[in-house]
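Next come two complexes, and both contain chain A; in the first it sits with chain B, in the second with chain C.
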Partner chain A sequence: MKLATFLKFTLPSAVTMAVLLALPLLMTIWLSVVNCSPVLELQKTEQTGPFGSHVVTAQRFKVDANGQALKSCQFVGFDFYKNILGIQSSSAAGPVDQKLPTDGHNEFLNALSFTLLYTAVTTPFILLIGLVLALVTQKISDRFKGLVISMALLPFIITPVVGALAIKWLFRDDGLVFNLLSHVGVQIYWMSEAWSAKLLVIFYGVWHVSPFAFIVLYAGLQGVPQDSIEAARLDGASKLQVLWFVTLPHLAPLTIFITLIHLMDSYRVFEPILVLTQGVFTTSVQFLTYSILLDESNPYKASAASVLTLVGIGFLLAPLLKRTWNEQRNSR
Partner chain B sequence: MSSEILAKLNMPHKFNLSKFALYLALFAWLILNCLPILWMGVISFRDYIDAFSPSLSFNVPLTFANYSNLWIDNKFYQNFYNTCFVTFFVVLISLSIGCLAGYGLSRYKGRIGFILLLVALAFRAIPHSTLLPSFFTMFDALGIRNTSFTLILVLVSINQPFTIWMLRSFFIHIPTELDEAAQMDGCSSFQAFFKVIVPVMWPGIVTTGLFSFLLAYNDFLLSSALTNTEMMTMPAAIANSIHAESESFLMQGIAGAVSITIPLILLIAIFQKQIVSGLTQGAVKG
Partner chain C sequence: MQRRKLIGFALPLVVNPAAFAASICRESKYRADVNIVANSFPVIQHLAKVAKSCASDSLKVNVKLTSKVQNEVEIAFSSSGKSPFDAAVVSASVFNDLYSKNQLYSLKGLVNKFKDHHKIEEKMIVRMNGEPMAIAFMQNTQVLYYRRDIFKRLGLSVPKTYDEMFATAAIIKKLDPAIANPIAQCFSKGWDLATEFTNVISSLGGRFFQEGTALPAFNSEQGVQAIELMRQMLPYMSPNALASNADDVMNQLQQGRAAMGVLWASRASRMDDPTASKVVGLIDFAPAPAARVGGGTAAHLWWDGVVMPRNGPNQRDATFAVLMEMLSESSVESGNDLAIWVRSNFKPGRASTGVKLAMEAGAKIWPAEPFFNLAHLQLGKVLADAVKGLRDPAQALAGAAEAYKQSAIEKSFLKRDLA
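The block that comes next holds the complex of A and B.
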């Protein structure tokens, strides 16, 4: 295909991504180093009443011709970054009317460390559950396989916010799990303590993602060469040995694939954090930006959190991009 | 292998205990796996007092009040309509521009195509909330925040990296001889694409369409941040029930959550093969 034809084909898609992905990302960098506030102006109105007239002065937002509030922007450098990272601001460059509260704690590192904990704990469980399910499903009769796959897929396909809510309602104080445990004399208020809230988010992650590992590994099992299994069996290998020496090595590239995808998805974990803990006991980088933007209503500080998040994803992505680069280069 | 078949032929009614245990364990696991969703379905037909009560009895009065309160009194049909409208156009536009790009990328061998693919891969990984500050600023300046149109465009662009990667890998498996033959017969490259390639691509288009449907339908973060009450999609609309203290809000949230889930269950039942092939495609084919 010629370059001109290629460009014609890809133009609509490329323009969409340029305008709504690339441009906002560049804009975030700009927004993260400024601080804007609406321009106020003094408005004098003369009020005439029965007892003479007097002038009332009031402050109001200055608006442009379209009725939009005018904003004045100041360059604040890395102040918002320092604020998020809990570094004491030099403050001289800080915004005049809006002093940033710096309580010295590193919001970003907090978010990042739970994200890492979540990833580290969920990944092995997801792979293990996926593998066991795949091995078991392969053993059962064909007519049940469709049903098993459908039922297993449900937690993965379900709307994440709904899935997180379903878990929340199950574990609520006076919900099913709480009541069942109460019957055997254990009372756990799942969402009111740090350890159990963290456990719930991790539980959600395993529950939500293990079907994906199952489906991928199950498909991989179909590709294990039957003759090498039979050859191993003829040579006297036990079933366990066949699994360890023939099947698992065949699945190894797939586990890497699942881990990579899960790594990227964990970095974006958001819904369970919002639904299960409202960011109290657990937080994530994506939640951090969201809460600064919507709860603190500060798009400039949120932009700084965004940029920090993007730097993090850069580190995560570098090996994957390099791998893809090599693969595509070799395939040509 | 063959000895097992022989054994089965000889003793068709032999009861196999370990096999039975396997089935039992598997189905017990699956029910446990679906329990959060099943339980949500059960309590959506109860009053608050029975939905969250220490008594584990199933002998409680059933009610449709949660659903009627939500759908009729609180106009959930409007959110349902918004979801349908938004997802339909997201899928339509994603596939239209995605097919063109995916095809171009599968046929062009130059460096620019490769760079575009890598950039798309990087875009695919960005957390969506990082885009929100800029979206707020951009859309407020243009006065187009809180319109379905904006939400559709945003979801299309979020979907695009994934869509073009997936479609490209389907197009690659269509032999180039097909395009060449069509062009030999006097088709332009666009004619060859629409008349020859697209007709044999339907399975790939359906699978990709399914995933862009899921991405749009399941989105909560962007939909809830970019729309307000009248424009909200279903997942955004039930956000109220996340912090719901009021019993009625909570029960309506449960009914809403079930309402969102039912179409997805149907989707899995109908398109199971396509979902599985879509999930494994990136993995197995490399």
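The block that comes next holds the complex of A and C.
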């Protein structure tokens, strides 16, 4: 292929990817190593309102002639990263020797450990449930397949916030599940202990994502060569052996695909933590980034948290990407 | 035909009484596209309806209702371009934050121009060093909700301190098997829990910051006492308490699963809503208990009001007209029971006594320091574990103080050598 033709084909996607992916990423990396803080002045203010008047002495942002807040920006290197990781304080904006909280509590490590737990537990379950659903659907009558597929896909179609709310209402005090379990003598207050709150978030993850695995594997099952299955049966293979030696190898690339997607998604787990448990006993790397960005209103530190998330995803995906890379190379 | 026209005219007024009030903002024939952002609770939903009643062929009105109003406002009002919102409905806490950032438009000119026209009362105007910066429309605080029938049946008196409240809860738990968890209170991790802590530490006489500085003082003996007091409450609450926000608490009280609890005064009228409550007319109100004998009520005074951004589009008159329509006498009249309004034509009902009770019991105004929200945020992160007993209270507070100092340094509220 001529270079000019090659460029004509690739340039639009290359430019789009540069603008939509590479540039924001570079900007995020840049934001994570700087800190802009406002220029303040001390002011005594008398506030008068519905409750009478009172005086507060506190800092107020200085503004320029156009009303824009004056800011002072400085390069802070990896200070925000160190701060998030609990290694040391940021000297970001006038550093102080930050001591770690005296009981060694570290927000990022807590978030990371639950994120990894969530990822590790949900991944095999969604693969297994997706496979079982796909195999069962394959076997049922064509007349009911449409209905079963639609119903099975429902949790995946519902937006995550709505899904998390629905689960919350089922499990909260006097919720349906709470009441049903109470009738058989089991009374679980799901948000009262760490294990139950974590279990609930993991349950939500499995419930929400299994349909995705199901539909992909079900599509994969349609492509399993029937002659191989028939040959195996003629050779006397049992159903389990056919599944193990013929069907599953055929589905292996799809399994890797589902795992890749779910690893990325689950590392960014957010909605169930925000809605379902409101962060009680559960937190995640993405939830932490959100909190830094919106609650602390610190886009610079949040950028550092985002980059750390990206690095984490990279580590998680590395073995699978390496395997895919090797397969592609060997197939040439 | 005439009957049809009459029905067509009358129906909107029946369905939405705010339609009565559409005249003031429409009479000037403004040409503008007014965008307002606000929180989403009943009284604000009412205000949004009134605002939309101003819409005409030339005046478009959009009200975005969101539970994340603080984040939306912070981003919009700090934008280097024009704010996508012409105005916002905010709480005192958000107002203090925006004012400290110099992001609010002075309402001096508009108030001078339209004060009489819109009958703006002096007590509605929030002035900073004499400059009108917001127009307040409602007051709020936390009060004790309690079941009059249960208290009467068991011969209990209304608790004035938290110790009395725990003793009362123990009696109810023992004598009334239907109420397994007598206390319902907003202990949800994060904002709710930090707000409860603020109320309790203040009632204990503790300080949040060292006098005249942004240095933390909440990591003190009173801070530890506040956590221990909150921990004592847990055995009388739903085991899910650390995930119970104001909606959950309201639900527990409405469904008769709790006998008492401190909750926002603005929710009081919902107790008598027959479509949602099983305890209509059975709940009475009292000041939130004090954290110690002789301490003030463990509650703070809040107001909500409307503000305009410094970087707002140039359609101030039209925006102000819509805002004042929202806060007009007719709006207060049609939404009388939805809030404790600041306007004089508000007719306080049984459920509107909260603010008066709290003021009489010594409630303080919610802290106005611009760095307060940073401390509040860090406390919200650690308190759940400390209250639950998973972290030592003193160590948790020390951790929150360190994290607060760090974020205060990053925002320039603290200098490293002083921290």
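Side notes on the structure shown:
FYI, the second predicted complex is superposed on the first by the 246 of 332 C-alpha atoms of A that agree within 3 Å, B and C clash if a C-alpha of one lies under 4 Å from a C-alpha of the other, contacts with A are read in each partner's own complex, and residues count from 1 in each chain.
By our rule, a residue touches a chain if its C-beta (ideal position, glycine included) is under 8 Å from a C-beta of that chain, and two chains touch if they have at least 3 such contacts.
Not measured: the values here are computed from a predicted model.
By the touch criterion defined above, A:P12 lies against chain B but remains apart from chain C after alignment on the C-alpha atoms of chain A. Measured by the number of chain A residues touched, the leading partner among chain B and chain C is B. Once chain A of one complex is fitted onto chain A of the other, the partner contacts of A:E296 are limited to chain C, with no touch recorded for chain B. Look at A:L154: by the touch rule set out above, it reaches chain B but stays clear of chain C. In the superposition on chain A, A:L40 contacts chain C only, with no contact to chain B. In the superposition on chain A, contact is made by A:V63 with chain C only, not with chain B. Once the two complexes are overlaid on the shared chain, A:W244 sits clear of chain B and of chain C alike. By the touch criterion defined above, A:R172 lies against chain B and chain C together after alignment on the C-alpha atoms of chain A.
Of the two partner chains placed by the overlay, chain B and chain C both lie in contact with A:Q278.
Overlap of the chain B and chain C interfaces on chain A: residues 68, 172, 174, 278, 294, 300.
The part of chain B that touches chain A in the complex is made up of residues 1, 19, 22-23, 25-26, 29-30, 33-37, 39-40, 43, 52-54, 56, 96-98, 100-101, 103-105, 107-110, 112-114, 116-123, 125-138, 141, 143, 153-154, 156-158, 160-161, 164, 189-190, 193, 214, 217-218, 220-221, 225, 235, 238-239, 241-243, 253-254, 257, 260-261, 264-265, 267-269, 272, 275-276, 279-280, 282-284, 286.
On the chain A side of its complex with chain C, the touching residues are 35, 37-40, 45-51, 54, 56-63, 67-69, 72, 83, 89-96, 98-103, 105, 107, 172-174, 189-192, 194, 197, 277-281, 291, 294-298, 300-301. Residues 68, 71, 74, 78, 80, 92, 99-103, 123-130, 134, 136, 139, 188-190, 212, 214, 238-243, 245, 248, 252, 255, 257, 301, 303, 305, 310-311, 342, 359, 365, 368-371, 374, 377, 381-382, 384-385, 390-392, 395-396, 398-399, 402-403, 405-407, 409-416, 419 of chain C are the ones touching chain A in the complex. Of all the residues in chain A, the ones that touch chain B in their complex are 1, 3, 5-10, 12-14, 16-17, 19-25, 27-28, 31, 66, 68, 133, 136-137, 139-140, 144, 146, 148-155, 157-163, 165-167, 169-170, 172, 174-176, 179-180, 182-183, 207, 212, 215-216, 219-220, 223, 226, 230, 254, 257-258, 264, 267-268, 270-271, 274-275, 278, 285-287, 289-290, 293-294, 299-300, 302-303, 306-307, 309-310, 313, 316-317, 320-321, 324-325, 327-328, 332.
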